[in-house]
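Look at the two complexes coming up: chain A is in both, with chain B in one and chain C in the other.
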Partner chain A sequence: MASPVLRRVSEHARAELLLAIADDELILGWRDSEWTGIAPFLEEDVAFSSIAQNEIGHARALYELAARDLGTTADELALDRQPEEYRCSELVELRLPEWERTIARHVLYEQADAERLERLKASDDTEVAGLAAKIDREEAYHRLHAEMWHERLKDEPRYVDALEELRPLVDRREGHTAELAPLWEEMTIVRRSQPAGTVW
Partner chain B sequence: MVTAKQVWAALAEVPDPEIPVISVVDLGVVRDVRVEDERVHVAFTPTFLGCPALEVMRAQMAERIAELGAEPEVEVVLDDSWSTDRITPEGREKLRAAGFAPPTPRSEGPTLVQLQSNGFRCPYCGSRDTTLENIFGPTPCRSLRYCRDCKQPFEQFKTI
Partner chain C sequence: MIYEVFRQERKGQAFQHAGSIEAPDERFAEWYAREQYGRRGESVGLWVVARESVLQIDEFVDELNRNYHRVDGYPLKEKLKEARERAGTATKTGGQG
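What follows is the complex of A and B.
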């Protein structure tokens, strides 16, 4: 059954758009954070941890804007929906313990995200355009990082294969991979044990 | 009744929790202060959206305003009005004195060629012979660089 918040979403086209982007950034942020402590070298440990932190920050700002339209809160949108109610692309859901596949996803995501941000920055909706421009300032550094790795790996067969494997998933949003549900379990465990209204 | 001037002076004493040498006013994140009777409205623009210091800054600003005997209302403005160009000249100097290279003026946005160039000055010895070690650093707002002259690694405030 759809959560109460989601029943209102279809009435709000803007919230629907914002949720898809916020879900991408939240889920990717979680996946990127899986490299914290175990990346192939220290610089990348720092880089992926920082990128993850930025992406989750972007998700929060986008959920806050959507939450205003829907009369709810960012936390409820981020953590109180069922896994099937997320609107993220299949690309961000996968757990990718191989470095070349992680970099391939990073490159594909940053390209797609840059195009999306350009469209949003040109929007007539000044709130959406303003937030997109703010996010884009930070994403510029993610793109530099992705480009740097693409240059380094572009002739490596394993990396080239990973790009081909993952490219079709970028825009796939009709359903979910089997990997989202276990991530959701992990991501929402604290929230589910201490539901909305809990005072810490 | 408090005046806007008193509020600005109080906010100038609220430190950035992660780089306490610089205040929220130095950072340029306070965009507007409006006093309406007992209520003080502050418009606040986040720096980096994922920065955990934002909640602390917001709470500390409210606390300082309450100490002035007014009712605080800190509004977070999620638009694109903040960039590192809003850090005041005093703020930039405080950053440098604390060992952080201040952000370079914003032009078209960062490029790898620019970051890897030697336009960045070491905050310790002033040399421009510095190299990029990592685009990312210990917080979202910083990169890591290394000075080849004084052999000192240092943190560079990212330009956004």
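What follows is the complex of A and C.
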């Protein structure tokens, strides 16, 4: 059964847009954080942990804005919807424990996100444009990281294959992969351990 | 490659060694240095230097044992005591005035 929030979303075009980006950032933040402690070397362990933290921060700011439109809270939007109600692209849902595939996703996502942020920065909606500008300033470092890794790996066959494998998933939002539901289970297990409305 | 990172707490202060980073090239070294030594606004400046660019000196020649070049080679306390005795200003206990 769809959550109460979902019925209101379609009435608010802005909320629809913000949720798609927020969900991308939240789920990608989760996936990026999975490298904490297991990255191939320490510098990248710190790098991906940091990038993940930034992404979840972006998600939070976007959820806050959407929550005002929808008369709810950022936490409810982030954690209390059903998996099928998320608006993230299939690209961010996949667990990619191979370094070259993670970097390929990172490169593809940052390119697409850069284009998306440019459009938002040009929006007539000053709140959205302002938030997009703030997020973009932080994303500049993510883009630089992705570009540097692309330069390092661009002649590696496994990396080239990964780019081609993942490219079709970049903006595919019609449905979800089988990986989103188990990710959602993990992500919300603590949240769901207490009744709805619990003050943490 | 190893890079050494020096940080400046405030403008005008000396750069102090903060740690080291392993990176394949300067671009990565800069990215990692910003991440690990600048994320929380704790420094106003960073120097990032390839360890191989550091000119290291750790052997010093002192064949003739010229102890008067060294701070420890000129015992000031003794000479001060002798000078005070000559000048008649030494205390009864012989300690410093």
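Note that in this section the second predicted complex is superposed on the first by the 196 of 200 C-alpha atoms of A that agree within 3 Å, B and C clash if a C-alpha of one lies under 4 Å from a C-alpha of the other, contacts with A are read in each partner's own complex, and residues count from 1 in each chain.
To be clear about the criterion, a contact is a pair of C-beta atoms (placed from the backbone, for glycine too) under 8 Å apart; a residue touches a chain by one contact, two chains touch by 3 or more.
What you see is a predicted model, and the numbers here were worked out from it, not measured in a lab.
Considered on the superposed chain A, chain B and chain C are sterically incompatible, since they clash.
In the superposition on chain A, A:I56 makes contact with chain B only, while chain C stays out of contact range. In the superposition on chain A, A:V190 makes contact with neither chain B nor chain C. Of the two partner chains placed by superposition, only chain B is touched by A:G130; chain C is not. In the superposition on chain A, A:M148 contacts both chain B and chain C.
Judged by the touch definition given at the top, the superposed model places A:V46 against both chain B and chain C. Within the superposed three-chain model, A:E138 lies in touch with chain B and out of touch with chain C [touch as defined at top].
Ranking chain B and chain C by residues of chain A touched puts B first. Of the two partner chains placed around the shared chain by superposition, chain B is the only one that A:L65 touches, whereas chain C remains out of contact.
Shared contact residues on chain A (touching chain B in one structure, chain C in the other): 43, 46-47, 50, 141, 144-145, 148.
Chain A meets chain B in the complex at residues 43, 46-47, 49-51, 53-58, 60-61, 64-65, 126-127, 130-131, 133-135, 137-138, 140-141, 144-145, 147-148. Listed in rising order, the residues of chain A touching chain C in the complex are 41-43, 46-47, 50, 141, 144-145, 148, 152. Chain C contributes residues 21-24, 27-28, 31-32, 34-36, 39 to its touches with chain A in the complex. Interface of chain B with chain A (complex): residues 46, 48-51, 78-83, 109-112, 115, 133-140, 144, 158, 160.
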